[in-house]
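Heads up: the structure comes next, in structure tokens.
When the chains are written out, they are named A, B, C, D, E and F in that same order, and each has its own residue count from 1.
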């Protein structure tokens, strides 16, 4: 059972518990091999080092495995680290929730919401594409688990679905407000805009970027999924295909935000702001929930957006 | 009757028609006074010059007046200009629609929408403020006429109300999505966020910036209107007042966009994106409607946002 | 008596002394309430924690109070913290200078300088406004105490007055150099440009941003003070009012620096550079005085302006 | 025969000659349909208008056709335009060189260079990919014609091949200098980095962006070509595939330059600078050759790079 | 006598008058040489063309000469141009004021001011340097004539001296305000900060950049003048030399403004703002004086600083 | 013998070994003088403090000296520091390689490469300049030792020569590709572009910026060296001199990168990219070599270029 969390470790503690193996490196010091590790759980991460039989233990577990660790907490260069005496892949059944944060919502309900929104699309070509996606059970499985981010917004299992559905709802509203909008195109775009995130993050044990996430990025990954599906659909109109791909590629809104093209259609500019609104609302909510406490009215400094966030009125 | 429009003038035309006087300057050339004018109507603007009795005619009309002009079209330094022979304030009743673009919607309906949205606010302090606004008939008259911009989005009479109502609807949607949102605060912010625009533009004859629009700006103008109303309301909570003022001040989202503070509350970040979405959707719609024609699939270059805009699929 | 300073605390020290209470939060760990505190004095700040009777002690003092603390210095997560055993509001009379830095100049002399400069203004409307300010004793009291900044320049009690007077002197010089300058307008602008800082910082015990400082900002706070004063003056010319307000609003010089409008008048552009020169000269002086020592010729890296600062020639 | 060029047209000229039809729009004025056209040749472009039988003539030719035009040169709103009396698709055989600039080099030689460079790659996977490309004759045909740009560098038929070969040569040099470079990977990247440009520009009659060029962009277009080829190659290593795709995606070097990811591998950073060097050297050369004349030592202002360019020493 | 000015030329005018030759190029069209010229005077510039005996006339005058031109005004591609029939170097004595704007102040007085300020410096090393400069009559002659800019501020003969003296006065004020300032160092820096402008502009006939102005820039040109003078002074302290050079190199304040180093000393940061204040005050004054007229309250749009400038209250 | 390295120090260690003295300051605490020191070697740096006889020991060694230190490792404010008991200038002969990183290449070979490249230049003026440089043995000695940077690229003794030769080779390649390039000018520019770095860094004991490096910068330092050499060469053409100086001044490519002018010649733009390519390739190589280890595929975050760097494929 997981009963020791990284956040609570102190110098001198004896440790015998489960952690995720986040990094392992086999290094050499003074002619002797040692293991440099990073361990973690849902509460944080900590460095670890193992001096004995480093080469043998190197093979005991892979990054992403849940491992059982025995050792003691020391400090090294002013940071805590665990001096590991033994490390092996967890044999016991573990509860992934101890290691990875997850949405509070029901994943099946979220996925159902995705499918229902897809089935509201009338345009036959777009609907064919969405049906292909919905019927691709491997893809749906990934979608159901995928986080929406690593650190910033919707950074938990199921976060991608949550985000996708909110964006779709804002887009639905916008489609009712602006007469020139092609509603089916916009809703389809909303459903698939972040699909590439299923390849951008690995979630075995902890959320991290995959090589594809770094070298290709989620925008182009998602583009490729859709491009391949479209080539297999008969008579998918070329113009519609370009408009839809444009929604994926431009949804970050600015080149600086990693979109290779800026929004050039009405649907694209709306999707961008719907995405931004939900992402930022998610991030603000995340910060407020994490930091709000009696006596604290302002968040700590948030470097990514260079500001403090108001946590709400103080107690009465 | 207005039957000659600036857009159609050609060299050699005789002109005897109504225009708005957009600029007038009394200048001197070679010891002789002359009038340098700018005339306009809803189709565009044109320079004009008057050499005889410049000083007398200078007093005939003020900037913003509808004037009756007699003269002929020539060129000067490669631009068209009207050589004015006579100029006087229009005596005839004019139809302002010939000079100023206006919303296609019903202004009374729009104003009613504003008032109904206001009356949906339950928080007594915010409601008191909104009631004050709604009961300020001079302010409501201005609001009804005000444009939402000069050149970019909602740049026509009634545009401010149109924009305000759309933003409020998007915010209503957001309030239903994000549990931590104070709905009444957000809706009130949506209704007043651009209120300062009633002082930013003059609309007598044509839309232009007022001195206040330039020297103070619509954000702070709107702030001041609200700040003054609030001081007259008994027991308006200080904290609520700050939060509401913050919505006005931060709604442009970034310092570079002229907001003196960035959004630091959940409501503020949502209002910002609702505002952006509606402004950009309005601007895209405006461009598409103006430029779409048979055989043209892309707009001309739009310098303000540095891109071409897709006008929709070509003819079949 | 204050005889233990934060800067000098070491692990293992017993502490029984006065500090400012900078933050207090009532949190929960493992089902038990505890207090998370931040204490400080003029030499720095330190975290503190209190485990016993947290709820009771929570009410003992408010943020900004001088408190008497008993406890011992430990480390937590690689930072020093005080394990508090007892905490109560200081009963003894304290010398605020131990907690808050203050100008070396005479505050009465500074305020006199402000009033004398005000009385040099001849324009009757501007003079009426300045007289109103000078006669507003509550406002003058705040002005006398206010710092000019939190961390960067003139960040000590009286700093705002010091800065204001220097800016006024540079403007006086500029008025003598540039013939088109309205000297009275410029000097008035210099005197009031940062007036909103009296509402931007709280100075009870330590200098920090107020909610108004964050949600509204000192520029608009100052604008509002002046706007309210002007409405009470008979026949204050509208044009002059706009020009004066413009000086406050534009004095930071760029939108990115939080001015909602850029300088558009000759006086505004001069005021901006006078303000910048004095702010930067103050900041450089502050760094040089703090860091200069035998054997050190360059300051540490200054992140805010991304450079090292030359401290002066080395010893001979 | 093409003997009248746009650059030389003057008001009053009678015109009966060949031009490229660059734009056509069917518009309406005062209840009457008319054609708004843009015509061009290698020397420039000119607006044209046709009032009679607009609807009939609208169908006579498509954008990109070479058309025979009869009419006369007038001015409209201070610009030259042709008043068209007759317009029909050119029946005569035309020399495309009159309409489109082309490389001075031999296209077959350039293509041969491409193929030889491809055949120098030893890595079997990369070589298999390059062989696939080289054996795709449709793709090779497009590559042979494609320009490297629309206005800025290598903006002529064959320009893409010229640019590609130069970049490959610089990369070859770099591979000899930096020991950690994977030469085959780098050379393959050089050969394919701009491949998407074959879909970005239409070259029928004149060089312009395609819809795909605008909505998807050449980076992602090229990515897709390669991604599809790779999926058809047996056992192409996943890691190598990601590295190669990364070369395409990151070659513009910065997000602001439309790369969705920044260079993260040694080969990627080298390819980026090789690309930049050749692009800029091409652009500078283009400007110097176009503008250098006796008595002129500096180019006109070049807005895109905000500078004048030195054309070389003056005459002796 | 100069009695025809560029600003007043109209199509059809016969011209026989003096102009500055600003550009001349010998070009070829259709096998025939022709001259492409640019002529100017203090009121503006105009293109000109000469078809007969182009090669012979090419040698008649050099760029910068005052030339007598005979011809007539036509239009070409929508711009005015002079069709030149005859062109020769002016034999008559000309009044340079017709061609080049100059300060309204007395140049001898300005130079005297420079020398007096120099003689107020007490530090023997700095004084030796300044004496060297003042005694370098060739340099003083250039300084007396030099403009402070080409288009933006102090862009007239004598402008450099005017600007230099104002900056020195502001620095004198600052030296009295900030106790750590080395007054002699700061004043010397003020006097020499823009000295390189004597090499940056050619002023024969019109103000233009020299090759050195473009390829090296005024900052480094000025640096070199001072560096060479210093090497000839005995025992000039190395540290003082670096500090002084730093004042020249950093005075533009930011790398983006072409300073190769940012201000790192107290004197440097003050000099920068004194320079900025005077430059901007000069530019604003220039615009106000040029554009202020009855009925005009705001300048035209000023692209360089992206704003309109307030010209002062309207007439009463 | 150096057998204790900073990287390996731990709390409680006794130290008696050689270090470089990187900083020394004589400060005062509570009326008592103490020494604040920074020590280092090739493995890192560490703070140190000395309480006894601080004033006496202050004179024992200068910054940059190799010193023998006796003391023990403690912590202060969460960082390691050495409590120094004795400190004296090293009497024993030391191996500089323990303190300063150096190129792995042969310095004589590198210098020979520089001289051979110089002797390949045919243009007599440029060759005369290069001969002057090569024959300036003091300058050559400095060049041979100089690093190419402090932290980022080629940051080791001999790094400047390494970098210079690589840039020259890339430029040689470019000269063969672009017909308008003046090869001799470009190669000369490559050889001297970073020459100012010999004055920018001090390398006595450790690499640090000199005062000149900070106050003047390597670009202008190098400019001055060349400017002085040129003035001593008879008949060096003015135009060639400007072009060459321009190569030095503009080689960083952008004003923001500290070049006071942007590249305006063909040679300048090529040199800039050759420099960038080699600098970035050097930096990437440096990171890969330092961080690559078994099990690690991505570098740590690299703040300067805001990305992770791919270290190569994982183990097989």
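One rule holds for everything that comes next: a residue touches a chain if its C-beta (ideal position, glycine included) is under 8 Å from a C-beta of that chain, and two chains touch if they have at least 3 such contacts.
Everything numeric here is computed off the predicted structure, so don't read it as measured data.
*Asks:* Chains in contact with chain C and with chain E: which ones?
*Replies:* B, F
*Asks:* Over half of interface residue numbers shared between chain A and chain C means same, under half means different, so which is it?
*Replies:* different
*Asks:* What's the farthest chain from chain D if centres are computed as the mean of the Cα atoms?
*Replies:* Here the answer is chain C, farthest from chain D.
*Asks:* Contact counts by the stated rule: is the higher one at A-D or C-F?
*Replies:* Pair with more contacting C-beta pairs, A-D versus C-F: A-D.
*Asks:* With centres defined as the mean of C-alpha atoms, identify the chain lying farthest from chain E.
*Replies:* The chain farthest from chain E, judged by C-alpha centres, is A.
*Asks:* Compute the rotation angle for the C-alpha superposition of chain B onto chain F, expressed as a multiple of 5 degrees.
*Replies:* The superposition gives an angle of 180 degrees.
*Asks:* Averaged over CA atoms, how far is the centre of chain C from the centre of chain D? Could you give it in whole Å?
*Replies:* 58
*Asks:* Where the centres are mean C-alpha positions, what is the separation of chain D from chain F, in Å?
*Replies:* For chain D versus chain F, the centre distance works out to 42 Å.
*Asks:* Centroid from C-alpha atoms only, then distance chain B to chain E, rounded to Å. What do you get?
*Replies:* Centre-to-centre distance between chain B and chain E: 41 Å.
*Asks:* Which residues belonging to chain F are in contact with no fewer than two other chains?
*Replies:* 78, 211, 214-215, 239, 243, 264-265, 308, 310
*Asks:* What topology does the chain contact graph adopt: line, ring, star, complete, or other?
*Replies:* The chain contacts form none of line, ring, star or complete graph.
*Asks:* I'd like to see which chains touch which, written out pair by pair.
*Replies:* So the chains that touch one another pair up as A-B, A-C, A-D, A-F, B-C, B-D, B-E, C-E, C-F, D-E, D-F, E-F.
*Asks:* What residues on chain D touch chain B, complex-wise?
*Replies:* 23-27, 58, 63, 77-78, 211, 214-215
*Asks:* Give every residue of chain E touching chain F within the complex, in rising order.
*Replies:* 211-212, 214-217, 219-220, 223-224, 227, 239, 242-243, 245-246, 249, 255-261, 264-265
*Asks:* So in the complex, which bits of chain E are touching chain C?
*Replies:* Residue list for chain E touching chain C: 166, 169-170, 173-174, 177-180, 239, 243, 262, 264-266, 269-270, 273-274, 276-278, 280-281, 284-285, 288-289, 305-310, 313.
*Asks:* Spell out the part of chain B that touches chain D in their complex, as residue ranges.
*Replies:* Per the touch definition, chain B meets chain D at residues 75, 78-80, 293-298, 308, 310.
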